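Chain lettering (A, B, C and D) follows the sequence in which the chains are written, and residue indices restart at 1 in each chain.
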Amino acid sequence: MSIGAGTDNRAVTYLGPRGSFAEAAVLKWPGSSGAELLPATSVPAALEAVRDDVVDYALVPIENSVEGSVSATLDELGSGQRLVIVDEVVLPVQFSLLARPGVALSDVRRIATHPHAQAQVRGWLGRHLPEAAVIPAMSTAAAAAALLEDPAPFDAAISQRIAADIYGLEILADEIADTSDATTRFVVVRKPGPIPAPTGADKTTLSLFIHQDQPGALLGILTEFAVRGVNLTRIESRPTKKVLGDYYFSVDVEGHVADERISEALKGLHRVCLDVRYLGSYPRHDGRAPVLRDGVTDVDFTEARVWFERLKENG
Amino acid sequence: MSIGAGTDNRAVTYLGPRGSFAEAAVLKWPGSSGAELLPATSVPAALEAVRDDVVDYALVPIENSVEGSVSATLDELGSGQRLVIVDEVVLPVQFSLLARPGVALSDVRRIATHPHAQAQVRGWLGRHLPEAAVIPAMSTAAAAAALLEDPAPFDAAISQRIAADIYGLEILADEIADTSDATTRFVVVRKPGPIPAPTGADKTTLSLFIHQDQPGALLGILTEFAVRGVNLTRIESRPTKKVLGDYYFSVDVEGHVADERISEALKGLHRVCLDVRYLGSYPRHDGRAPVLRDGVTDVDFTEARVWFERLKENG
Amino acid sequence: MSIGAGTDNRAVTYLGPRGSFAEAAVLKWPGSSGAELLPATSVPAALEAVRDDVVDYALVPIENSVEGSVSATLDELGSGQRLVIVDEVVLPVQFSLLARPGVALSDVRRIATHPHAQAQVRGWLGRHLPEAAVIPAMSTAAAAAALLEDPAPFDAAISQRIAADIYGLEILADEIADTSDATTRFVVVRKPGPIPAPTGADKTTLSLFIHQDQPGALLGILTEFAVRGVNLTRIESRPTKKVLGDYYFSVDVEGHVADERISEALKGLHRVCLDVRYLGSYPRHDGRAPVLRDGVTDVDFTEARVWFERLKENG
Amino acid sequence: MSIGAGTDNRAVTYLGPRGSFAEAAVLKWPGSSGAELLPATSVPAALEAVRDDVVDYALVPIENSVEGSVSATLDELGSGQRLVIVDEVVLPVQFSLLARPGVALSDVRRIATHPHAQAQVRGWLGRHLPEAAVIPAMSTAAAAAALLEDPAPFDAAISQRIAADIYGLEILADEIADTSDATTRFVVVRKPGPIPAPTGADKTTLSLFIHQDQPGALLGILTEFAVRGVNLTRIESRPTKKVLGDYYFSVDVEGHVADERISEALKGLHRVCLDVRYLGSYPRHDGRAPVLRDGVTDVDFTEARVWFERLKENG
C-alpha cells in the first residue's frame, strides 16, 4: 500500500493512483488544505488506513464512480469497525485526452484508458479518432502515468485534467464525455467523534439491517422516515455476507441528527430494525436545504412536546 | 332537567329515566358507590351538568346504545368545554317482559317499549305473544314506569331487569333478546384533572380534526398510530358542524398517555392534525392487556433513547 | 307496524311517524313521486318491509339523525338479507315551534319535543321561553301530533315545518336550531337489482368484515382504497354481533362500481377481507364530482392495460 | 472490441477477458451450450453488441461484482434501446492463487490481482504470504493471463479457478477468500421477444422513473407492490443522467408478468410513475418459489373477478 507513515499533521488518503478522480475530489475538499495526501490502492485499503490510525481521513467514491466500486465502499462502511462520514464532495465526470508534449491529435494511434471511461467517450472517439485502438488500463490515472514510461506504451490516455498537471502531459482535447451531466460523489470518512454542526442543509447516512427480505420490512422502514417527514436521497438494498437471505439497506436522508425529525426517526428505526449503523451527519455539497412539509420542523416538535406535557399533567 | 342541586358529596348523573340501561350501568360502576345518582333527560343535559359543576361525573352511552344516541355523545364530547373519560362500563343488552303484580303472561294484550328494543325481541314476541300490540315508548324505562299509572295504559313493558326493582314490577319473562351477545358501552366523564394511573390494560379516547376530507388524511392518521404499534379499537368519522367538508375522527386506542408509544403517537398527531382533542386514558372494562409487536414497549423506547443520546454525543 | 299491504303501484316506507324528518326527506326524493308513502315505526321495521316485499323502497337515516338510530341502520344493512342503496337525500336539521291555531308565543308554558331536539334549540329556548317546561316525546313528530289530542297535553311542540301542514298547526317560530348547518343524511334502499347508472358524482357504500381487530387490518383496508385513488367520505368501525373481537367497517367512498378505480379496489378488498358486503352505488346528493389525482381515471386504467398487454405479448 | 462477427449460430458475449468470473458464469448458463462465446471489454460494450445484433445474448454482472461495475449495468439497461433479461446466474465469489507450472508457494514474492480481489483475500495473504508484494491488475483474469508473458512480470496471480484451465496454470492454493459466502449475480440479456414461460419461481426486473425525489414517491411505489403482495428482492435508487433531481429505482421483484399480482402491480406502476421500463421476467437461479400471503394467488384474483362481475351485473 502506498500510504505512508502517520505524522503529527493531518493525513488524508484517497482512492488513487495519483491523478485519479478521487485526487481531484480531495483537492476540492477544504479539509485537505495543508494535509498530507496519500493515494490508496483500493477503497478497503483507504478505509483500513483510517481504522489503523495511519491517516485521519479517507476520501472514497460512494455513488456513480467511473472506476472505484461503490458497492465495495458501502459494504466496507457497513461492516467492521465503524467509521463516519463528515463531508461529501461531488465532481462532474469529465475526461480529457492527454499526451506527452509534442504529440499532436493526428499522431494518436493507440489510446489507453479504463473501460468505463471508454464507454463514456465512445461518441467522441468515433467522431475524432475512429481508427485508434483502445487499450484497457487499471484506471484512467494509471493510463496517464504510463505515458511517462520509456518508451511510452501508447500515444495518449483518456484521463482527467488533473493528471496533466501531475504527470506533465498536454491536453489534446478537453471535456470529451458524451454526456456532460454525470457526477461522482465522494465521501470523507474518519473515526467516530464530534459530529459536524448542523448547517440546515445536511445529510445523514445509515445502514439498516433487517432480519429477512420480508415483503413488509422495507415498507416499514420507509414509513418510519415518511411519518416524520424525512426524505431519502439514496437507497440501495444489499445482501449481508453473513447469512443467505438477510439484507441491509444503505440510505442517505436529508437532515442531521440534531434535527428533531431525524432524532425521532432514528429511534424508531432502532426499535424496528435488527441493527442501525449510523454513518454520519454532514453538510450537503450543494447547500440545498430540505423542503419540509407542515408539522415536521423543530418548532412543530417542540410545540407538540409542550402540549403533551401539559395534557399529561393536567388531564 | 331532573338533576338536583350539587352537594358536598359526590354526585353522578346518567342517561335516565330511572330504570334505564344507563342506571344499570352506573350501579355497576364502582365509583358510584355512596354517590348521589341523578337521571338526566339526554346526553347533552348529562354532560352540561358536569360542565356546570352540578354533578361530578356523568355516565353516558358511547357505543351501540339501544336508546341513547351515540352520535350525540361523540359530538358533545368533541365540542364545547373539554371533558375527559375516566372509566368505562360495558353491559350486555338484555330485555325482560315486566308487568304489575298479578298480571300473567296469558293476560298480556298490549305491550309498550322503545322501537329499538322491539326490533331486538321480535323473534321472542312472534313465538310467545304473536297477537300482542306493541306501543312505542320514549324509552324502555319509561315504558316500565308508565305501568304505575292508573289505569295502566298497557299490560306489560319490555324493559330491563333493574326496572322491575325500581318500579315494583314482576318479571314475566327474562332474557328475551333474540341475540344474546350485544352490548352497550358507557363512559364515565368528568372535568379534566389527574389522569387515572395506568393499569397495563387501558384505553385512550381522542377526537382528531382534519382540514378536509383528503384522500390521504385518514391514512396519515392511522400511520401515526401504526408506526408506534398503537392499535385502534374504534373509529368513526364525523362531519364537524362548522364547515362543510371538514371532518373529525373519533377513535379509541389501546394504551395510556403514560405509555411511550401513546406519548409519541399523540405528539405526532398534534403535528399533523388541525387539532387533537384528548378525551382521557382509563382502564379497559375487560382488563385485557394489548398484544404489542416487537419494538414498541416502554423498554424498547428507552433503549432507543439511550442509544441515540450516546450516538449524538460521540458521533 | 303501520305499513299497509303491498299494491301494484310503487310503495315507499320511511322512518315515521307522519311529520317526521324522514317524511320531509321522502317527499324531497324524486322517486317518491306518485308512490304510496308508508311510515314505519323503526329502522328495522322499515328494512324488513322491503325484505318481505311489502314495499319497494325504504328511506332511513344513515348519518347524524336527530331521532333515528344510525347504528341500527348500519347494523341492519350489514346483516340479514342484503339490500342496496339506490339514492341518498340530505336534509338540513331545522326546527320550528308549532302550536294549535290561536296559541301565541306568549301563551306557551309547556313544550314537548324529543330530547335530542331539545338539546339543539337550548339557546333559543333560553332567550325566548326561559320559563317553559320541556316534556320529552318519542319524536318531534309525535310531539306535534299530540297537540291534536283533546285537551292538548302541552301548549307547543318543537318539531319540523312539515308537521305544521300535516297536523294543521301554526308555526310560532321558525329555524330555531342553535346552529344552522347540521344535516341528516337518509338513504333509499331496495332489494338488489340493476345498479343506477354512473353520473360522474357517485358514492358506493360497503361493509368490510375483518377477522380480528388487528393493528394492521384497517390500515390495509385503507391502503386498498388509497392505492387506487379512492376517497372515503365516511368510516365507522362496528363490532359484529357474532363473535367478540370481530369487527366490520362501514364505509362510503366516492365513485361507482362502473369506475375502474372502484372496480379494482373492490376486487382487492375481496381478496383481503373476510367478507365484502356491497351496499350500492348511487348518485351523490350534491352532485359534487370527485377530484382525482393523476393516474386513477378510467383513461389511465385503460392505457395501463393496453401497455401491459403489448408488453406481455412482445416481451 | 474483441467480439467477433455475427454468425448463423447463437453467439453470447460476456464481460471478459478470458478467464473472468463472467466466463465462469457463462459456462454455467445452460443457454451457452454450443454457442460461440465472445469476451467483451466492458458492460456497455457487451450490451451494445446485443443491440447491434453482433451477438444474440450478453451475460453481465448485476449485483456484487468483484470487478465489473454494477452501476454501469443498471444504467445501461435503464437507458437506450430496451433489452430484456431472460435468465440469471449466481456464482460464489472465490479466488485461487495461480502460477506457472514449476512455481511453488515458497517461490512467490510478487503477486498480481485486481484491488477488489486483494481486499477479499487480505487475511489469507497475511497468514501465508505476509512478505509478498501485490501488484494491481485490470482484472483477476488479466493477472492470470499476464503470467504467460516472457518473462512473467510476477510470480503468481490471484484469480479464479477457471483461469488455470484457460491459461495452463497451476493452482497453488484454492478457496482463499476470507469469507466464503459472497456471490456475484449475472444476468443474461437479449432483445425483447417472447417472455420465458413462468416456472413458479421467477423474478421480474424493472426500472421505475419518477418525476422528483419527492418524500412520498418511493413509498407510493412500494405500496403498489405491497398491496398486491409482491416482494422485492433488490432496490437501488439511481439519479437519471438527464435532469438534476430526477431519479429512477431499479428493482427486482418475485414473480412473473404471467402472475396476476405482478400484472396488476405493473399496471398500477404505469399509472403512477413517469415511466416503467420492463426488463424481463425470468426463472430464479435458486428455484425458490415466493411465499405468498393470503389473498394474492392467481386463484384469489380470479375469485375476486368472478364475484365482482356478478355483483356488477345483479346489483
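FYI, a contact is a pair of C-beta atoms (placed from the backbone, for glycine too) under 8 Å apart; a residue touches a chain by one contact, two chains touch by 3 or more.
Please read these numbers as outputs of a predicted model, since none were measured by experiment.
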Given chain A and chain D, the chains that contact each of them = none
Interface residue identity across copies chain A, chain B - same or different by half | same
Degrees of rotation, nearest 5, to put the Cα trace of chain A on chain C?
-> 180
If you average the CA atoms of chain B and of chain D, how many Å lie between those two points?
-> 61
Let me have the rounded angstrom distance from the C-alpha centre of chain B over to the C-alpha centre of chain C, please.
-> 23
Residues of chain D that touch two or more other chains: which are they?
-> 223, 226
Can you name the residues of chain C that touch chain D in the complex?
-> 84, 192-195, 223-224, 226-228, 257-258, 263-264, 266-268, 270-272, 278, 280, 294-296, 300-301, 303-305, 307-308, 311-312, 314-315
Residue numbers on chain C that touch chain B, as the complex places them | 41-45, 63-65, 69-72, 115-116, 118-119, 122, 134, 136-138, 142, 179, 181-183, 213-216, 218-219, 222-223, 226, 229-237, 239, 241-242, 244, 249, 293
